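By written order: A, B, C and D. Residues from 1 in each chain.
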Amino acid sequence: MFVYKTQIRLHDTDAAGIIFFANQFKIIHDAYELLLEKFGFSFPEMFKGGKYFLPIVHAQSDYKAPLHAGDKITVGITVGHIGKTSFSFEYTIHNAKNVLVGTAKTVHVTINPKTSKKVPLPLKIRKALEVFSKQK
Amino acid sequence: MFVYKTQIRLHDTDAAGIIFFANQFKIIHDAYELLLEKFGFSFPEMFKGGKYFLPIVHAQSDYKAPLHAGDKITVGITVGHIGKTSFSFEYTIHNAKNVLVGTAKTVHVTINPKTSKKVPLPLKIRKALEVFSKQK
Amino acid sequence: MFVYKTQIRLHDTDAAGIIFFANQFKIIHDAYELLLEKFGFSFPEMFKGGKYFLPIVHAQSDYKAPLHAGDKITVGITVGHIGKTSFSFEYTIHNAKNVLVGTAKTVHVTINPKTSKKVPLPLKIRKALEVFSKQK
Amino acid sequence: MFVYKTQIRLHDTDAAGIIFFANQFKIIHDAYELLLEKFGFSFPEMFKGGKYFLPIVHAQSDYKAPLHAGDKITVGITVGHIGKTSFSFEYTIHNAKNVLVGTAKTVHVTINPKTSKKVPLPLKIRKALEVFSKQK
């Protein structure tokens, strides 16, 4: 499991006083970016090199308890599935009292950015995911 | 079906050149806010009056084709289910060529903002949803 | 003056109950994008064609009255200055009662995206700005 | 000087490949929130307690070099002025090579949230600002 610690910012909230639901997706993506970085991937390189992109084709979140500005949270990421041309990540969000306040999932496909067609997972990504999925 | 027409803004996109996935949730919520307004509800009143909130407890999106800055889109909303203490909306997003580029769903519960406990759907909301669900 | 009418979205606000200050910049940029479109420019083309970018090198906003979710606003844009390698826009934001609730300014330079060096305003942009600056 | 280290997220960027200008304001506000927290203030308490709000009445940013997704940055905050009913903060943003890539400023007033009228800076804030302004 990859762990990312952060806190809810004022701009994550809305006039209802709690996190705006779409911003939970932003936060889990922040964690995902750090995980990719740990894998040795970099978005700028990916965008320049242009051999493949990893667009999200499905995303979902559940909201179990309200989050307020300033709340400290811990995002955990685990691998969901590793397919031929896709993979998924699952996310948990716990608050400072270690209560599960939300979960999320993102499904990614590997595409050729020039043709927008699906391509098999690059070996480097498959390896990184397989190693990561065995870590505790 | 409620229809909302808008276009992708530069700030909806990211360095991959297309919409950042979380921003699709923002856009469908914009449509939802206009629908609530049409129903006669207003967020500021809801937040002040304080009898009930309609937090989102689940949200999901599918992404079928890339959206770029400037792309004109049409968001359609229909009712999913109407339960005792919850309801859901389903969303379609079509581009200017009338291609379905994305779908989404949000599940809302009615809670008492003071206790954070679920309460039955207020009659006014139930009525509005029932009437709306029969419209074409 | 170019006029853009919109309304404050829930995601523009924060837990203080009013617009989060940075989102006023998003909204004026939405108006700016529509103005560029009216001029015949398109961001996707600009990014692909790659002859010049128009990055913002300075931005400022004043906030004169609070804006709440659902508030109808009118953004007005006028040209500030037209220089050799730069230009600026000035923005006013009025609420539904025609009260001036905010102002803003953005300063743009024209650069060569490959070298990141300043280049003279392309003639097409200079013409569009000059014509626009004479409109009422 | 208060120092906050972070990195540019994919959602801070837009299709031009660099940070969307409005998001620089979000990032400096993240730093400001951490500074307030260090002072002993908390937004949720401020919003509940309701004795005063610190709305931003003016904000400005300069952009000196492009920032890309993944770029590590350091935000520094110093006090600008301390007035009777207002104060300001000044921000610097340096990249990983210690190059100044941006600056910003925010001007805040203290208001009574019920009347929206300006009130003198609460003593606790004045003290915190004065102590902070003498730190190096």
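The rule is simple: a contact is a pair of C-beta atoms (placed from the backbone, for glycine too) under 8 Å apart; a residue touches a chain by one contact, two chains touch by 3 or more.
Remember, predicted model here, so these are calculated numbers, not experimental data.
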Numbering shared by both copies at the subunit C-subunit B contact, with half separating same from different: same
Selected interface, C-D versus A-D, where C-beta contact pairs are more numerous: C-D
Length of the line joining the C-alpha centres of subunit B and subunit D, rounded to whole Å: 32
Approximate Å spacing (C-alpha centroids) for the pair subunit A, subunit D: 27
Centre-to-centre distance between subunit D and subunit C (centres being mean Cα positions), rounded to whole Å: 23
Multi-partner residues of subunit D (each touching 2 or more other chains): 10-11, 15-18, 20, 22-23, 26, 29, 43-44, 47, 68-69
Residues on subunit C engaged by subunit D in the complex (per definition of touch): 15-18, 20-23, 25-26, 29, 43-44, 47, 53, 55-64, 66, 106, 116
Of subunit B, residues touching subunit C in the complex: 9-11, 17, 26, 29-30, 33, 37, 42-44, 47, 68-70
Residues of subunit C defined as touching subunit A within the complex: 10-11, 13-18, 20, 22-23, 68-69
